[in-house]
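These notes open a run of structures that come right after.
Two complexes are shown next, each including chain A; its partner changes from chain B in the first to chain C in the second.
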Partner chain A sequence: MTTLSAPTISAPVRTRRRRTPRLPPVLILFVLLPLAVEGFWVFWPALQGFYLSLTDWDGVSAPRWVGFGNFTELFADPIFRTALVNTAIWLVLFGGISAAGGLGLALLLQQERRGVGFYRAALFTPVVFSLVATALMWQVIYQPDGLANRLLGAIGLGSWQHSWLANSSTVLYAVLLPALWRQLGYVMVLYLAGLKGIDPVLYEAAKLDGATKIQQFRNVTWPQLRSVNSVILSVIVIDSLRSFDVVWSMTKGGPYHSSELLSTYMYSTAFQSLQLGYASALAVVIFVLAFGVIVTYLVRAFREDAS
Partner chain B sequence: MDNAVLTQWGQAGLNRRRFLAGLGAVGGAALLSGCATSATSTGPVKQTSGAVTIQSNLSSPQAKVAIEALAKDFSSKGQATATVNTIASETFRTQLPSYLTADNPPDAYTWYPGSLLNGYAKKGLLLDVDEVWQGMSNYSSAFRTLSGDGAGHQIFVPTDYYWWGFFYRKSNFAKWGVAEPKTWSDFIALCKTLQGKGVAPIGVGAGGDTAWVASAWFDYLNIRINGAPYHRQLLAGQSRFDDPRVTKVFNQWNTVLPYFDPQSTALDFQDATTSLLQGRTGMMLIGTFFADAAPKDILPDLDFFQFPVLDPAVPLAEEGPADGYFASSRTAHRAEVMDWLKYVATAPAQELYIKNSSGTVLPTNPDAKDSGTPLVAKGRALLESAKELTQFFNRDSSDALQPTADSALVRFIQKPNELPSILSDWQAAAQKVWSS
Partner chain C sequence: MTVTTTPVSTPLSPPALSAPALRRRRSRRLRTVGFHTVAGGLSLLWLVPIALVLLTSIRTFDDIAANGLGAAPHTFTLGGYGAAWTGGGMARAMLNSLIVTVPTVILSLVFASAAAFALSRYRVPFRRGIILLMLAGNLLPPQILLVPVFKLTELMGLYDTLPADIIVQLGFGLGFYTFVLQGFMRSIPNEIQQAAVIDGAGPVQIFVRIILPMTRPALAALSALAFTWTFNDLLWSITVLRTETVMPVTPALLGLQGQFVSSWNVIAAGWVIAAIPTVLVFLRFQKHFISGLAIGAVK
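For the complex of A and B:
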């Protein structure tokens, strides 16, 4: 019996061994340790943020549970609505212009010509600057007697002169410009990398078939850029929802909330009014928006890949 | 061989299990200790043993030199020493709760009395300084009341105070052939004259990061029209910003709005000071601290006049904000902190501070001498003639209410026609601050 049963016992052990390749402890360590670090420094604070959004907390006393009170208050808050609309405008303009402009610049600068390196470098330089420094520089440009107004005066457009950052109808766009100035170079570099990755043979084939430049772009370049596009979309959505430094250092969301974004409103409710529960609710809204947009896109992209 | 493999697996499994258990323990500990909402956190400030750490928001160059001179003098006197940490004002304000709730907090802080401090006092975060006040019997009762927590204890030691008024350059007024106005109608006439000469009569400086200076206009008009008691009630949430009495304030303001510099909400007060000194604007309602931004040689050319009286029946009140120190109740150097607070309340210490700073503040100790310039003498007389003193919008209310005022007032200066919706929005925003 025993001699007969022995192989039947060892058999499952063997198959088990074969199916799941043994993980060396070191590998497990390499996986779990970063997970623990990530969990402690990222997931745990994020979960706490969700918890805080359901409380009323001033940062000093113990948080008081209010359920979804912060969220109902949020949707009745006119400043939140202004911030939401401004964020939507920001997302469309900042995202749209930087994607279209970045692609245009990349197409212009992809061919190796004399001096093209200089232009690429020049366009990429703003990315290297800290946004706060960029903002300070543009603040000077926008001063009532700053460069922008003097230029307008010099070319005979004196009537167009504004206090750009103090006027509620121009401020959002005035702040958008430096943000774009920086983002364009960044998106351009991403697209340049994408364009470099396209096989030149495809263009040769298209040319042989008599495709025009526009047809080449539509049928070769654009489909080939799909993976780059999904990266750029994620980058743009995340960047525009977290745009904060440039607005905060130029206007602090003012005058009277006319350049308020969700991110600046979150900061001011948290650290100026010390309503940390309410600010956490805002943070949750920002998270849901960013996550929502990106997941929708990725799901669509995967479905297209599958079909 | 199979056996060997099995044991190896077993050991590996055991190891992994052990590892996971260890990880669980670490995670559990992290869960317990990592609660961000617990009221303790470690502060960024390291303490040197035996020294009083003073967290200071006096970051303008002259004031910084002055407080460091104080700390040096204090250290040279007695057993205790003091070190000063200078923090940018905005950072200081937003970090104050975390300083105070730290396990090892800085000992003493520069600040001003007001509802914010009372809030911290209620939470037991502030050191009771009754002992210091026992040696301050010569101080005026107004300062004593101001420094109380409302529950019978002193929590603050005021060291200096200053005044607000319409500042101008004597040489410019002489050049334009105008004189200080005595009444509101004189004031309007002065504005008209200046405007006729191509000068923007009233500079403000409510742009950039200093929208709060616009609150001086609201404060003054309110204490002139409705009186200081109503002003305090309003800021405490016992009245409403859409009340007819508040509308009256804005209607009065509207009559002088045409004389405001068109750049009122585009320039911060430092740039507005430059405009004033260069004669592009005629005058500016501002506190004496603006002199820190002016070149020293211009100081003798500066003068000011009182905000004109609007209703003689309303008891005269002026803005006279006081600055000073408070201390953390969690300090590890209670005796040394008390020594420091007693020291800054003395006349020689206050004179030393005034000597090293721009010298436009008044000492709170009645035995201390001010800088003795005619400007300061006039400022002292202004505050002494007042029946009541108010502090300033944020000091009489809270730092959380200040941004609501900034939005409302800047919008009013730009779009006075939207007054009804400005006031209802202000009330809604203020309501949220009061109820939180």
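For the complex of A and C:
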């Protein structure tokens, strides 16, 4: 993350700290109070979540222990399979396009020139809106009499008109588009910060060696962006697995579960069907999928903290 | 200031532009035009949905019904705003949002900066373990917490009240804010603190008088981010709240859609109302916001 910290967040240079021998009690309180809040509202519930995934629970009577029963049931559940496949599609398309597109936009807009500030601001604006608001504005576009169909009609592609959100073969992509629209500007900002951190001397040297633009990208830019890339990769994977708001706002996973993600299926199983144990098992699956990325992220944080 | 420019004789230089120079200049102009076409086109693509919603919000219902949602407005009215604000309950939702967001942001930053202060400026046992544990909590997929948190709020009699929404988001965000702030505080030189210790200042005084003021840029960035995240939250709100009258703006926007099914002018007006606070925060703290996003890559 150090590579990403923008200039406004600079603090005076660190100097070696002398060892303070005794810890004043008030400082113990400073640490323990926040830790207690997080412990009570995050760690304790998380442990319960794992436990509940091994039970059958309707939320009223006591949870009944079923071992791995929920998980075997999951693998026979066709809706789970749809949600899993959709989550994978989401991960690849949402992740891939926002990473590649974000980098492309950052490369396009990295140079300070006339108008570039406006372009950056335009692409970044959607980040400010909530995903619910984003979903809503795209629903206006997707309505049968909305802009999307009108444009298609205007350019003579009337046969391509769809009711985008009601059609089970287009709905997932129709929901993906607003999410991308909002994410691209965000990834672009991260890459812009990363590009800014590259020492211009490296480009000077490459130019002296007669490197073309493409060679400069391959041999200077790309290797220099390595740590930014790994941060962005973690962010994107975590974001994809968390994606809930946009789908929930637009379709609630429908029609007929065709836009269901693991996160939306988990929510409706828990709070609409009240199968709290089964929903917890779904949550555990999401956790397992995210686990690798979380650990990678923590290892990075640990290393940077040590240096 | 060293003279490095070599006075090479240039027979091809102006006044008369040579053919290659002309070609170079033309290709540069072509590239500039190309850049503005591509970047301008993309920006337009990004702004069109926003413009469309703004335009929809000032149309009348009859206009939309007669000419279609994708048509240009034939009418102008602010009636949609009135309907969304009072009839649609956006006024109440906005109040709820502020009741949730402001304390969440303040408490998060107070708790996180206190923890960050102790963890970065003193030798707390298991310092690094505590920091990483707190960060790990924030990286968890929220889904694993939803059912237990829902039950926990019920058990404590907080279910369906705004304090539940505050404390849940406080707990979940703390790890990240603490992580960022402790990294920042660690880079403050120790001499200043030593001087204060010699003057007889206690840890609380050092925290409030010296470290906190020096952490202001990071606090500004994090408060802009925390405001936006909390204000835009959907998942926690719909997990710990149920009644329509206590819903903050973001979930209320979904409710508005259910209530005014095809009155797109009212829904669009609700959208504009919901977007105003975060847009204002963004405009006011633009620099902090963007730098905060860069450090806030965790979310």
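Here is the rule we use: the second predicted complex is superposed on the first by the 255 of 307 C-alpha atoms of A that agree within 3 Å, B and C clash if a C-alpha of one lies under 4 Å from a C-alpha of the other, contacts with A are read in each partner's own complex, and residues count from 1 in each chain.
Following the convention adopted for this analysis, contacts are C-beta pairs under 8 Å (C-beta built on N, C-alpha and C of every residue); 3 or more make two chains touch, one makes a residue touch a chain.
The model shown is predicted, which means the values in this text are computed figures rather than measured ones.
**Q** Taking the superposition on A as described, I'd like to know which of chain B and chain C A:Ser230 touches: first, second, both or neither.
**A** A:Ser230 sits against neither chain B nor chain C.
**Q** State whether chain B or chain C is in contact with more residues of chain A in the superposed arrangement.
**A** So, of the two partners, C touches more residues of chain A.
**Q** Which partner chains sit in contact with A:Leu241 here, chain B, chain C, both or neither? Use first/second/both/neither.
**A** second
**Q** Return first, second, both or neither, reflecting whether A:Asn219 touches chain B, chain C, both chains, or no partner chain.
**A** The answer is neither, since A:Asn219 touches no partner chain.
**Q** Kindly classify A:Phe40 by the partners it touches after superposition: chain B alone (first), chain C alone (second), both, or neither?
**A** both
**Q** Taking the superposition on A as described, I'd like to know which of chain B and chain C A:Ala62 touches: first, second, both or neither.
**A** It touches chain B, and chain C stays clear.
**Q** Kindly classify A:Ser163 by the partners it touches after superposition: chain B alone (first), chain C alone (second), both, or neither?
**A** first
**Q** Which of the two partners, first being chain B and second being chain C, lies in contact with A:His257: first, second, both, or neither?
**A** Only chain B; A:His257 stays clear of chain C.
**Q** Quick check on the output: what are the common chain A residues between the chain B footprint and the chain C footprint?
**A** 13-14, 17, 28, 40, 44-45, 48, 52, 59, 139, 143, 271
**Q** Note which residues of chain A are touching chain C in the complex, please.
**A** For this pair, the touching residues of chain A are 1, 4-9, 11-20, 23-24, 26-28, 30-31, 33-35, 37-38, 40-46, 48-50, 52, 59, 105, 108-109, 113, 115-116, 118-119, 122-133, 136-141, 143, 145-151, 181, 185-186, 189-190, 193, 231-232, 234-235, 238-239, 241-242, 244-245, 248-249, 262-263, 266-267, 270-271, 276, 279-280, 282-284, 286-287, 290, 294, 297-298, 301-302, 305-306.
**Q** Residues of chain A touching chain B in their complex?
**A** Chain A residues touching chain B: 10, 13-14, 17, 22, 25, 28-29, 32, 36, 39-40, 44-45, 48, 52, 55-63, 73, 78-79, 139, 143-144, 163, 165-168, 252, 254-257, 268, 271-275, 278.
**Q** With touch defined as at the start, can you tell me which chain B residues reach chain A in the complex?
**A** Of all residues in chain B, those touching chain A are 2, 5-6, 9, 12, 15-16, 19-20, 23, 26-27, 30-31, 34-37, 39, 94, 97-98, 100-101, 120, 123, 125, 207-209, 211, 262-263, 265-267, 399-400, 403, 406-408, 410-411, 414, 425, 428-429, 432-433, 436.
**Q** Show me the residue ranges of chain C that touch chain A in the complex, using the header's touch definition.
**A** 35-36, 38-40, 42-43, 46-50, 52-53, 56, 68-71, 111-112, 114-115, 117-119, 121-124, 128, 130-132, 134-152, 167-168, 170-172, 174-175, 178-179, 183-184, 186-191, 194, 202-204, 207, 214, 217-218, 221, 228, 231-235, 238-239, 250-251, 253-254, 257, 264, 267-268, 271, 274-275, 278-279, 282, 287-288, 290-295, 297-299
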